[in-house]
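In structure tokens below, several structures.
The following pair of complexes shares a single chain, chain A, combined with chain B in the former and chain C in the latter.
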Partner chain A sequence: MEIFVQLLLNGLIAGSLYSLLAIGFNLFYGTVKFFDLAFGTIALVGSYATLSFLKNLDLPLLISVMGGILVGAVLNVIIYKLVYVPIRARKGSNMVLLVTSLGVFTILQSLLAILFSSQFQTLRSAGYVPHIFHIYGASVTSVQVLMIALAVLVPIVMHFILKRTKFGRAVRAIGDNEEVASIVGINTSKVIGGVFFISAALSGLAGIMNGLDRGIEPYMGLALLLKGIIAAIVGGIGYLWGGVLGGFVLGLIENFGTWYLPSEWKDAIAFVVLIIFLIFRPRGILSK
Partner chain B sequence: MGYIIHLIILCLLFAINAMSLNLLIGYTGLLFAASAAFAGIGAYTTVFLLKSTELGFFPAVIISMLVASVMATLLGLVLNKFRDDYFALVSVGFQVIVSTVFMYWVGFTRGPLGIPGIARPTLLGLDFSSNIMFLILVAIIASVVYLFIKFLIGSPFGRVLKAIRDNEEAIKVFGYNTYFFKLTILSLAAMLCALAGALYASYITYISPPVFYLFESILLISIVTFGGLGSLKGPVIGAVIMVLLPEALRFVGFPPEVAAQMRQAVFGLALILLMLYRPQGLVGEYKL
Partner chain C sequence: MKAIVWLIVIVVVIWAGWALLDKAPEAEAGPIMIGFIGPLTGDAAAYGEPERDVVALAVEEINAAGGINGRQISVIYEDGKCDGTASASAAQKLVNVDKVQAIIGGFCSSESLAAVPIAAAGKVFLFSPGSSSPDLTGINQFFARNYPSDASQGRVMADVLYAKGMRNVAFIQESKDYPLGIFKAFQARFAELGGEVVKEEFPTDSTDFRTSLTKLKAGKPDALFVDAQTPAAADRILQQVQELGWKTQILLNDAASDPALITKYAKLLEGAMFAEFGYDATNSKFAALATAYKAKYATDLPWQSYSQTYYDSVYILAEGIKAVGYEGEKLATWVRTVKDWPGASGNVSIGSDGDVVGGHSARVIMDGKATPLGQ
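Right after this comes the complex of A and B.
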């Protein structure tokens, strides 16, 4: 019983991280329709920015987190203006965009490694010990509770933004057909810039929560991206709630999988799940 | 002088791997991200055969190439269902699963400890244990691979591959079974990757899992794209630049750790610039 509750909790905690990543990824992919390989590393840029606000400038936690999110999001918009706008204007294929994002990913990762070293670092300050709650013999920290709460709260906010605001309607219109959207007078370039901003902010939030819960290292970006993609595809790619569902499904499968296999096999389990879904249900659980 | 020989051998080994990857990306239009996995399969199988049987190096390499080709064929049955970015994603999945096996199937691979003391090859009384002899061996093998690919691409088989890359539907209409062609080229490329991996293992005389991780596959994709897709010389040029660049950076005065990271950053920047201004790479013939 204890083990079951602990695995369930671990699954929910991992699931909330994957959900946050998948929400950002789905928003991005649903609008711009290509795999941005730098997505996870942008999350790390936000996390490392938070780290330096906290440890070098001694700013309070909340301000550091918000500053970190902002740095990652603004950087992503700059990359969009410098790199993706010209390539998209030329109608570069998906493969061109993929390889370009590979370049962005490589640069960011190596710069992070040069600036912050390859060490595994935690965002927690030295003396801080998170409060631990006990549920049926299983334990969960306050940071982890916050993560689960965010994974519930963020999609509700996003749902409101996408359904109720003018910006959200423009985003959905571009996702349906970018050309038609621009013909009816939507400033597509500006709206897509907004999508780059929000998706990077969401991934940054996920990266920072992961940094508070465990820690960060420069080579984590690819893993964060892949978990986000898998969660998005399992749930339903391009759909807000698909990403949320996929994140929790993936988190639970990975953790209950460790009942049978050592926990080092989590990544392999995730990809086996992905390949099974791509073969038998390629549009995900929530597809129509 | 000894160090220069070492660098040339590394260039040639990377070139073999890059040439085989070019068969997939440059000539057939398949963005394949598991070449390091197949290099690893080649290396580990060869080492296993050398350590636990009486076989010589060359028979062991041939058997490991066959093992790689069988695994590639099985993988191809799944991969053939996908195209473009989804093809890339599933090959990433295979790569991650294989690296997990290398890391945690301790009975076969000794896991993170790696396998030391791998013998250099001998053939017909010739001993390739000195670096200069090994250089001659690798140079001969790389030239054979180069000529083989040149022959293959000039043949009717190669023309069908290029047709699949340019327009798969059209070539299907002419009655070509593209499924079979894609399966064949995948298993052929996997055999060449395995060859490069086995030679690498024997040259360094030690292998461990991180050499065959996803990041190495991504590095190879950048080498090929950088040098030029769909050209014979492109991957060789890309490999030479990739190996020599950190040496040049060290010469300019960067410390070694920073030089390695700077290489990634320079390569990333080069990829972005190429995608912006020259999508076919330095000497390539095919634009993504």
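Right after this comes the complex of A and C.
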């Protein structure tokens, strides 16, 4: 019983990280319909910004986190304006945008490695030991509880934004058909900028929580991106609640899977799940 | 017009051929170029960078004393990244482009295992002061090391644990050659004595060990052996062991015996044990090394077990070059005749299989400090 609860918690913790990433990914993929390979590394930009605020400027945790998220989000908007807008204006295909994002990813990753060294670093201040809760014999820390809580709260907030605000309606309109949306008078460029801002903020939040729980290193970006994509595809690509579901499903399958299989197969399990879904249900579990 | 072009082509070809062929005989009066392969980036740079500094210190000392037969030593430092692929490219460059005759390295066993075939093909002497995988024993006539094999570490730990009454040990092991070597050596000896070992492996950049640890914990082992390649990985594992609230006898390998790590987890590691190739602080050369390092780099000598062997490796190599000249094959043969050579790591003797004679001894952690285990 205790083991089952522990595995369940492990799955939820991993799942909450994947969900947050998938929500951010689904938001911008559902709108602009191309893969941004730099997505995971933008999460790291936010995390490293938080690290700088915490360690170099000695700011309190909450301010550092918010500052870090802001830095990551603003950077993503700048990249959007400088790199993607000109290409989309020239009607660049999705392949071109994908390759461009690969370039952005490589540059950002190398910059992070140069500025912050490739050592693994944790966002926790030295000596901080989080409070540990015990449930039915299983353990979970306060940071992890917060992660799971955020993975539930954030989609609720996003759902409200998408369904009830003008901005959200514009996002959904662009997602349906960008050309028609601009014909009816929506400022697509500005709205998409907002989408880039929010999706980077979400992935930055995910990266920071992961950094607080475990730690960050500059080359994690691709791994984060892949898990986010798998979670998004499994749950229902382009759809908010699909990302949430996919994230938790992936986290649970990975952790219960490594119970039966040797743990070095953990990443392999994630990709096997992806392949199964792509073959049998490419739309994902939920669809719009 | 065509004739002029052909004339130019012929002149260029002859000139290029002359320049290339002319380079073949080694410049006898220039500096002696030695190669170095070690992890200068990534988690293992925690070792690679200080050891590069120790090598630089030794080279500086030898050069200040007149070099080798009047020639100065110059080292080409390459980053092995504690990875076979990176180390293989580094070795390729050193052997084929820089044309060195001797390489000090790798540090990680993965680096050495990958570099051995390349060094052997180029007849270059590969001398490792840090690789401890048992697979390197007698692997090739061009390889030797002055750091002992983990066959010794695994054996010592197995003997100690069995004597303490433990019969069931759980391993969490990084998927790399050095941790695997320790696991195999431990398991072989422990099974021989009648104990049982279970293990969970993890890939190098893993950060989530919760389920692997949960699985191992469920088997109710007598001890948990944290077998990682670097202190950073051991740190991540110990943090999650602590968060899972798992209190058990912990064992470490010598790579994780970082004083900073031991202090950080002092409570969790109280009573934990590990085996290391110890150092003797009363050894005069070792003491001189520690002082010189502190004077040059303004920080205490780290990783003493490895720093002493790295320091010695440069001096042993220098003595070899003085004795038989700077040529890979001759150096590799000569090093196997080294007997009771007085170094910072004690009296060094290299056997015919390329391994240094000597081994590991057990330590226990009390009050945040490692002390010899009285047996």
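Please note the rule applied: the second predicted complex is superposed on the first by the 287 of 288 C-alpha atoms of A that agree within 3 Å, B and C clash if a C-alpha of one lies under 4 Å from a C-alpha of the other, contacts with A are read in each partner's own complex, and residues count from 1 in each chain.
Everything below uses one rule, namely that a contact is a pair of C-beta atoms (placed from the backbone, for glycine too) under 8 Å apart; a residue touches a chain by one contact, two chains touch by 3 or more.
For clarity, every value in this text was computed on a predicted model and none was experimentally measured.
Asker: By the touch definition at the top of the document, which applies to A:V129: first (chain B), second (chain C), both, or neither?
Answerer: After superposition on chain A, A:V129 lies in contact with chain C alone.
Asker: On the A-aligned overlay, A:V157 touches which partner chain: chain B = first, chain C = second, or both, or neither?
Answerer: After superposition on chain A, A:V157 lies in contact with neither partner.
Asker: Answer with first, second, both or neither: which of chain B and chain C does A:L98 touch in the superposed model?
Answerer: first
Asker: Using the touch definition from the top, say if A:T141 reaches chain B (first), chain C (second), both or neither.
Answerer: Only chain C is touched by A:T141; chain B is not.
Asker: I'd like to know which partner A:N10 touches here: chain B for first, chain C for second, both or neither.
Answerer: second
Asker: For A:P262, is the partner it touches chain B (first), chain C (second), both, or none of the two (neither)?
Answerer: both
Asker: Mind telling me which of the two, chain B or chain C, contacts the most residues of chain A?
Answerer: After superposing on chain A, more of chain A is contacted by B.
Asker: Would you please give the residues of chain A that touch chain B in one complex and also touch chain C in the other complex?
Answerer: Chain A residues touching both partners: 113, 219, 262, 264, 267.
Asker: Once bound in the complex, which stretches of chain B touch chain A?
Answerer: Residues in contact with chain A: 31, 78, 81-82, 84-86, 88-90, 92-94, 96-97, 100-101, 103-104, 214-215, 218, 221-222, 225, 258, 261-265, 267-272, 275-276, 279, 287-288.
Asker: Touching residues of chain A toward chain B in the complex: what are they?
Answerer: Residues of chain A touching chain B: 34-35, 83, 86-87, 92-96, 98-100, 102-111, 113-114, 219, 222, 226, 229, 262, 264-265, 267-268, 271-272, 274-275, 278-279, 282.
Asker: For a test of understanding, state which residues of chain A touch chain C in their complex under the given definition.
Answerer: Spelled out, the residues of chain A in touch with chain C are 3, 6-7, 10, 13-14, 113, 118-120, 129-130, 132, 134, 139, 141, 210, 214-215, 217, 219-220, 223, 254-255, 258-259, 262-264, 266-267.
Asker: Given the complex with chain A, which residues does chain C contribute to the contact?
Answerer: Counting only chain C, the residues touching chain A are 41-43, 45-46, 175, 200-203, 205, 207-212, 214-215, 218, 232, 236, 239, 242-245.
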